[in-house]
């Protein structure tokens, strides 16, 4: 009847339970919780003199009083949201095509084709875009050859380049959950939608999208997190104006040796990301655990 | 059952791999250095002569300090930060170990440089650095497209829209300060005055921003920018300029009118160095004139090794003389040690420049 | 009410392969198995029949060791196995969905238990061949599970257990997933196997036909208790409770009140006012509410009034014909409005029967059963 | 919309074009990287200077090819070591987690589950930073209190592996849990019924059932570790894994030897991905 209870009420399995519980607790506490607690503590410290530190909120006030940090923060968030939405818009028709239009061998082939580029390091992918977009790169060359540009065009080092890089790099994490949820949608539901007089748009908004919502949200969350936390793409593709919050964190840690400020930024980024994810889930009425697993 | 065996196999491989990777090898010299300072042939010769394996990590000043800061001076056996960045880092983070000059063949080092480094790297009565490679930061100019550039501020000339590059790091601030008629080094000990200079530089750099194609961060990246013609004038190291000059005579390294910025990269011992002997052996090895000359050829910069010039090829010597007539040589502004706290002020300026539109 | 059902089997006999005494199991406030006692003689085919949720699966899982009883004892070959873990009990189980290991071949599935029980490896092949021959699957050892048909899987699942020569084989509705034809074949096959291996089978099912066809003894279980234990014939012809009467076989059911009782013949009046004669072993006071059970096949259908008039005779109109070959039935309505099902006689007279015709229904009082209406009714039958 | 519903030819053709464009978008950067690894030029951009294999075979600087570039080759070895350790560790823990979440009931289970998912919503850089900060705190404390130097807690391969392990475990747990959820528990009971102890039942029945998921998770974990950058960047010590080594070179503006490494990576990843598909296929048939 209740199978789980059978495993529970046998004393010999209690030991097994603790043995299963111990590693996960160790993992989460030592590698996730305590480090973040410690990061909060460090962020509340300030260098008073050489090798002397004291409690202070300055690292946070610096964030709020220095418009630069604010701007970077907002810019990162806004660009991440835009990149996430654009990834969704680009990926959805393709996912739908793979999940619903195709079947059998072409379907598997196309799905794998979707995945393979992403088994390659993000660095390589970004590198590819650098080669394509730079002034002496392929696209610029092609434009000149076609006579569409009279002189080399610089396509690298601007926000569009960052956006392309971000979307490209996140695509997999959108396509996979979308294909999975769309695949689980019974074709007859779509047929029924038409049969009952719906048009394409209505069927899409009333049947397909509500069904795919968990997949959409899970894709969006993962893509958003990856984008927000991306360091490579904005650094390599972004130009002289490119500002990314992770870059700020990196700079504080590596270039300025200012761990205290970096830790404060880290905490702020974490709060920001949690807040946006939470808002997204609230707006779409999805549950975190359901969406993520 | 098969999968069990599979995992056992995996586990064994994993264990072996980790044992190999994580066990510290005593006879290894882990060198934290700049690109070109430890060319492959020199390393091979050293390894053959001493039996010590050399493991190289390429880095720059900030990276070096931050890596050593994170490890509190462990993980590497010998590092090569610039002489002006040693004392403040030592004061804040205690990451270095005093140098035992008696173990170094000081006769092989140019005395004036040794003395200067000794003075600049002294902290609480101990000396931390010995000089190795020295050079300057100045301007790389493509004469066919940017012949007007004579000083740092000329990079802001309207004719150079979108074809200029420099690093968004402290040398740029210092260089511009000199070009704007200030003496930032004199203001090192006066934060208010220094801030005023920085403000001035900041304004200028922000005005100048539309000229910038990209801020470079690695030497070769800049070379590629100039080489491909994407950038026609840049603030950069002399060695890069000479390298490009050899490929394309139109490109030259120019000592700016307000003076090139002179730096000396040193040898320092991280506090928890595990191969101190090997480190001293390496220092003495690379300071031999012939070896030092080979490093000069690879790095493009001259070393502090006595008499190595003889072994350096003529092209480099000619290039050096072209870029540095006596007046320019005398005009070099050598970096004094950076007092702690200054870099934070500079950092904020750099951030604001980056953020400006 | 069910106490008498188990009275004959409370004390385990020495001969019994399996015996339970006052076995109980609670899940929170819910009593799944309530003081069940029984014993099964060696080599018997014993079925436990009951609706889903009656506790039969829980009972079986306690026998297999997957669930600990709250109280009571389980004896296998006279020894208590309460503290024996499932893998050490001399019982084996054929699971509802068979639980064949999909990653192993047929032979590997059968060898699994041999390996665990320390049978030397060199004997495996012979044992496997032998058992596969007995289940009529010779040479199937190399096949993968997903290459087998439903019936073949059944046999492998049984072979996998029987090769271990268990004292008792437990079967948890193993035919549930099969289609009707195959199920009919497997019933016969199971019976044959049980006789060939001469092993005690404990078979649980909610399908009365499976239980009746195969079993030597059937226990009807409801709400955690055994309502009645007996041979299939006893259950069918002499149900001891209303539940057994309704659960075993088809019945027309009527709620009625007692008018009078003479000996074992009871005169009742249904809610619609039809007077019917029934049989009851128990004394029922006049006015007591009762439930009547009349099986469709005992009802004689005639086009004219039978003579002499039997104990019960009703005039009715044919509502519809439910044609099902040999099992065809007619649905009729009496003048009072009561609806009944009756077996359609397979004679030429009735070939042309059409709805709207008048017929006479008749049966003897002994063929109608009557129980005090306290037990909840079986939901299947509509009066 | 779906094939069973009729649609206009224009719609179908334009839909197909869109999907085609999408795949061109996906594949072009990789093709370009691969193509330029054969360009006879010192840096990977136009003009095309002719075909060469120098970036694979070249023995002398500046045309130092991949096969002679010891620094790059070493970093590949480092990456493989880290990836193997991370994969084995995260798979072991993930399997435990899957059993814990799928089989056990305990107070606070939901909370623990949410906590287990957290690494998915922590940016990699922050994860790296926090582990760096914490391990430094611990190591410094030991140094001050006991004058012991815990080298493992200083940036280096141990921390890199731990950092990657911290989030890869979550992904592996999700993959393995999903498969374990589909496992019919009666199979384990059947095994016990046939005489197996609980552990034997798990080893002989449950783990073989999980095998495709374990393999899949292993491939994913290996690749994620191999290509991880954000977390590794903050934790790396004297030995750099490939992504870090490549990043350093990229910042420096390196030669097309980077393209050559990339081609190697693509081939390796493709083999691994296809191999894992091949391994999983019979299970689905």
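For clarity, chains are labelled A, B, C and D in written order, and residue numbers in each chain start from 1.
In the analysis below, a contact is a pair of C-beta atoms (placed from the backbone, for glycine too) under 8 Å apart; a residue touches a chain by one contact, two chains touch by 3 or more.
Owing to the predicted nature of the structure, the values given are computational and were not obtained by experimental measurement.
Here the two chains linked by the largest count of contacting C-beta pairs are A-D. With centres taken as mean CA coordinates, the chain nearest to the overall protein centre is D. Farthest from chain B in terms of Cα centroid separation is C.
Separating the CA-averaged centres of chain A and chain C is a span of 59 Å. Once the centre of each chain is set as its mean CA position, chain B and chain D turn out to be 34 Å apart. Rounded to whole angstrom, the centroid-to-centroid distance between chain C and chain D, based on C-alpha atoms, equals 57 Å.
Our note on geometry: chain B versus chain C, Cα centroid distance of 90 Å, whole angstroms. For chain A, residues that reach two or more other chains under the stated contact definition are 5, 134, 136, 253.
Shown for chain D are the residues that touch two or more other chains, namely 45, 132, 198, 204, 208, 211, 250. Residue positions 228 of chain B each touch two or more of the other chains.
Across the complex, chain B is touched by residues 42-43, 45, 61, 70-71, 78, 80-82, 84-85, 87-89, 91, 132, 136, 139-140, 143, 149, 151-152, 154-158, 161, 203-204, 207-208, 210-211, 214, 218, 237-240, 248, 250-254 of chain D.
The touching residues of chain C, when paired with chain D in their complex, are 64-66, 85-88, 91-93, 95-97, 99-103, 112-113, 116-117, 160-161, 164. Residue ranges of chain D in contact with chain C, taken from their complex: 184, 186-187, 189-198, 200-201, 204-205, 208-209, 211. Residues of chain B touching chain D in their complex: 1-4, 7, 10-11, 13-14, 17-18, 20-22, 24, 30, 32, 35, 39-40, 55-58, 67, 70-72, 74-76, 217-225, 227-228, 272.
Chain contact summary for the complex, chain A toward chain D: residues 3-5, 7-8, 13, 16-17, 19-21, 23-24, 27-28, 31-36, 38-39, 42, 90, 93-94, 97, 100-101, 103, 110, 112-117, 119-125, 127-129, 131-132, 134, 136-138, 140-141, 168, 171, 187, 190-191, 194, 200, 203-204, 221-222, 225, 228-232, 236, 246, 249-250, 253, 259, 262-263, 266, 269-270, 273-274, 277, 288-289, 292-293.
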